[in-house]
Amino acid sequence: MTRTRTVRALVWGENHHEKNDALTRRLYPDTIHGTIAAALRDGLGHEVVVDTATLDDDAHGLSEERLAATDVLYWWGHVRHDAVADEVVERVHHHVLAGMGLVALHSAHLSKIFTRLMGTTCTLRWRQADDRELVWTVAPTHPLAHGVPQPIVIPRQEMYGEFFDVPQPDDLVFVSGFSGGEVFRSGMTFARGHGRVFYFSPGDQDYPVYHHPGIRRVLCNAALWTAQDRPREAPRLTMRPLDEFATAPAPTEAGGA
Amino acid sequence: MTRTRTVRALVWGENHHEKNDALTRRLYPDTIHGTIAAALRDGLGHEVVVDTATLDDDAHGLSEERLAATDVLYWWGHVRHDAVADEVVERVHHHVLAGMGLVALHSAHLSKIFTRLMGTTCTLRWRQADDRELVWTVAPTHPLAHGVPQPIVIPRQEMYGEFFDVPQPDDLVFVSGFSGGEVFRSGMTFARGHGRVFYFSPGDQDYPVYHHPGIRRVLCNAALWTAQDRPREAPRLTMRPLDEFATAPAPTEAGGA
Amino acid sequence: MTRTRTVRALVWGENHHEKNDALTRRLYPDTIHGTIAAALRDGLGHEVVVDTATLDDDAHGLSEERLAATDVLYWWGHVRHDAVADEVVERVHHHVLAGMGLVALHSAHLSKIFTRLMGTTCTLRWRQADDRELVWTVAPTHPLAHGVPQPIVIPRQEMYGEFFDVPQPDDLVFVSGFSGGEVFRSGMTFARGHGRVFYFSPGDQDYPVYHHPGIRRVLCNAALWTAQDRPREAPRLTMRPLDEFATAPAPTEAGGA
Amino acid sequence: MTRTRTVRALVWGENHHEKNDALTRRLYPDTIHGTIAAALRDGLGHEVVVDTATLDDDAHGLSEERLAATDVLYWWGHVRHDAVADEVVERVHHHVLAGMGLVALHSAHLSKIFTRLMGTTCTLRWRQADDRELVWTVAPTHPLAHGVPQPIVIPRQEMYGEFFDVPQPDDLVFVSGFSGGEVFRSGMTFARGHGRVFYFSPGDQDYPVYHHPGIRRVLCNAALWTAQDRPREAPRLTMRPLDEFATAPAPTEAGGA
């Protein structure tokens, strides 16, 4: 009953800062998506196979065939959200509703796929000024928090603060506090259709957050938690007959008493 | 602090069955939207002013000006969802996120505005075969359940059954059981942006559900609960300075102890 | 349908620090419970009648008769939790389950009544060291947040931090951040039986928090939100007949189609 | 990171009906707890080791040592709740808060341990009259629903109906409909302290429900979901220093920008 097959993870990166910003290149010489992919391989070993795709690829590397072979999609985007083709967003949306896991990272809060799944503005407060971020676990029994330090200490980080305009999450797992005083619901889950969505805010192109062992642990937990072993099929409208459950059992000893 | 001004409700109807189906005309001689509007006036008296609008009106009766003067919008649609203009949906969506209440009724589960707010397929099981529906309150402290019979008994009704593909609600208020055996989460709330959304499934063009006193009571509760006394403004992205909360208080007796 | 009668609030205070600590006496010359009572009177005027009771009173001022005439009970205790008689706790518990509102304040997280309602340890991190507390609204549509500044700035305050061992709340309304780096779910609601419970952490005997206009606003909102207009009766076990909802409706035009 | 060790399950039975009622003996020749234990062994194989304990054993079979070696405790009781010693309840409560899983079955809704964890009356409607129960999955992505038929059809069963007076659950996984018309939230999760609690209502001493393959599947899922791989330790109050997270990082390129 326990998962027996390998989780197939696909890490998608916008790959813009890696090409255009010296700071990002220095922090992430293997790209942001490459760094996340390595975190999964390092932490999960044979439990996972990981691939990457970027905005630059054909169909952004997100063909029907590829998504069908993906258990969990990690999404990192920031300044090129608008460049993602609507038909690709449509395809990813369908796959999430049909059971694919989605891990939306950091500035993906404003990505087309995330806002479509949420139905809200997904706006927030922000500041880039070397805040210290502490990521606190508020749901210690949740699989996403398994083995995660209390708190995760991120010495320097972009600030994301409330009000974060997303629907009330299914599970609030992490809440961050920033040295500037703001707080943020930084780890939240949202079931959508047959899929599991996890939003996790720590991570930025200008800070080495994805090298942090505590953050990498959460990224690994996210693969195991969002991936499901189920047929890829979205919920659908069905008309049912009246007598679908018609049973006319004879009274039993219990009911007759 | 208690609400002092009147709730401005707008009941929107697709107005298709009323024009095309003899049964609907007999059950709802004043139209479905007109019947709902009357339920609000009868139940809430001077606490509410109610108007109606339909698909047939200019801009479907949902201009910017009209929505700005609406505290809560009731939405009834069924077979003409696609005929609702995208720009009107966009406008309604914005107003919900900015604080307008939305009461999505029955087959509005597949309306453009509701599916956009949910981000899911909003599909379900259904059957039109004179099921008896019992509407059970599972959140007796919720304002939406105030004064509502336990259960509401609807002798004949269309069946809506699980799995209903919507996000996990903020509050699950009502759960229905049908004589065919199905169950349905029939009353659910969803905060979206600054707005409150209530989905309530009982009600159909082929059954006189909106004449039922228990159902009318819920419709009235919904006006009071979804309407808010707040400026009409959606959440938005804001960059904040680092020293916004900079305070350097001198130690006090308490802290120094 | 809107509330027509006055909310009857009872503010209960342990009244220990007021008698024994010079600092508390200076900050709260009218006692802590007296200060809270005044905040309700000032903010709600004729919408509320407020009384107070303390540990020192007969039956701690919480007789059956008194509770029966109370719509919402505010509870402030700190170092004398054990001195509260079990039979009084039992009585308050019953009244909450039967529909009385309860507002548990600050160190009441470890009171007998609150831990009994929660079923958990209700433990947390803490520190008394002049932290600045910012109280952020994360549920802007909730009545408890109505008119509350974003954030409430409390210049000096005791720190309460996560993990706070309470059940997942129905509504997470406020999250606090402290200058030391900790975060805390500082405003949470919990329906229990027919009653509404609100836990609100800001407030301490060594800081003038209950004089803060933003905090007083929340205290007022809490009276209106936790008070219900319902018969005082707890849920109970009931055996029901099989044919309670037996109906044998004739087929209708709709179902026959 | 995936669980590597075997889940240690302990199935506790009141063992009263098995000794006193001929019907129960005929339905459950191996006792109710023995039947549940066999379901776990059959369904989970080497992933689980299962033991049983009853009210009749010394300390009801629930010594400190035994609980310390238990990952998940299944609880079945009905007419002898009061015979369970308070000190044993206290011990089980502590272990749940410290991380042991608890699966409360059927009439365990009124057990001392469950009501203590909930803080409410845990009352409901009921009837013993051969209702058909359909158990519907309303959270298809939840591990507890993995591989479970939609719906589970139980031809004859005791009826449990709403309002079920428990706190709002973390996850509502199953909702049942009964042929008499009632509905019931029949599968719900509740994190308490460091432990995971699952309440699952189908199952009765007078019906062969625990032989049903769909029900057995849920019982197996429950072992894997409630068991955690964590040190057995309850949350506790801790005083923290002000400078616990004191860091004075030098400005970086990003923040200086």
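A, B, C and D label the chains in the order they appear, each numbered from 1.
In this text, a contact is a pair of C-beta atoms (placed from the backbone, for glycine too) under 8 Å apart; a residue touches a chain by one contact, two chains touch by 3 or more.
Remember, it's a predicted structure, so these values are computed and weren't measured experimentally.
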| Over half of the interface residue numbers used by both chain A and chain D, so same, or under half, so different? | same
| query | Measuring centre to centre with C-alpha atoms, which chain is farthest from chain C? | reply | A
| said: So the centre of each chain is just the mean of its C-alpha atoms; given that, what is the distance between chain B and chain D in Å? | reply: 35
| query | In whole angstrom, how far does the Cα centroid of chain B sit from the Cα centroid of chain C? | reply | 29
| message | Where in chain C do residues touch at least two different other chains? | response | 129, 132, 134, 139-140, 151, 161, 163, 168, 170-171, 181-182, 191, 235, 245
| remark: Contacts from chain C onto chain A in the complex sit at residues 132, 134, 136-140, 150-151, 161-164, 168, 171-172, 175-179, 181-183, 185
| message | Please output the residues of chain D touching chain A within their complex, sorted ascending. | response | 1-3, 23, 43-44, 47, 99, 128-130, 132, 134, 139-142, 146-147, 151, 153, 155-156, 158, 170-171, 191, 194-196, 204, 206-207, 220-221, 224, 228-230, 235, 245, 247, 249, 251-257
| query | Touching chain B in the complex: which residues of chain A? | reply | 97, 110, 116-121, 123-127, 129, 131, 159, 161, 163, 165, 167-168, 170, 180-182, 190-193, 234-245
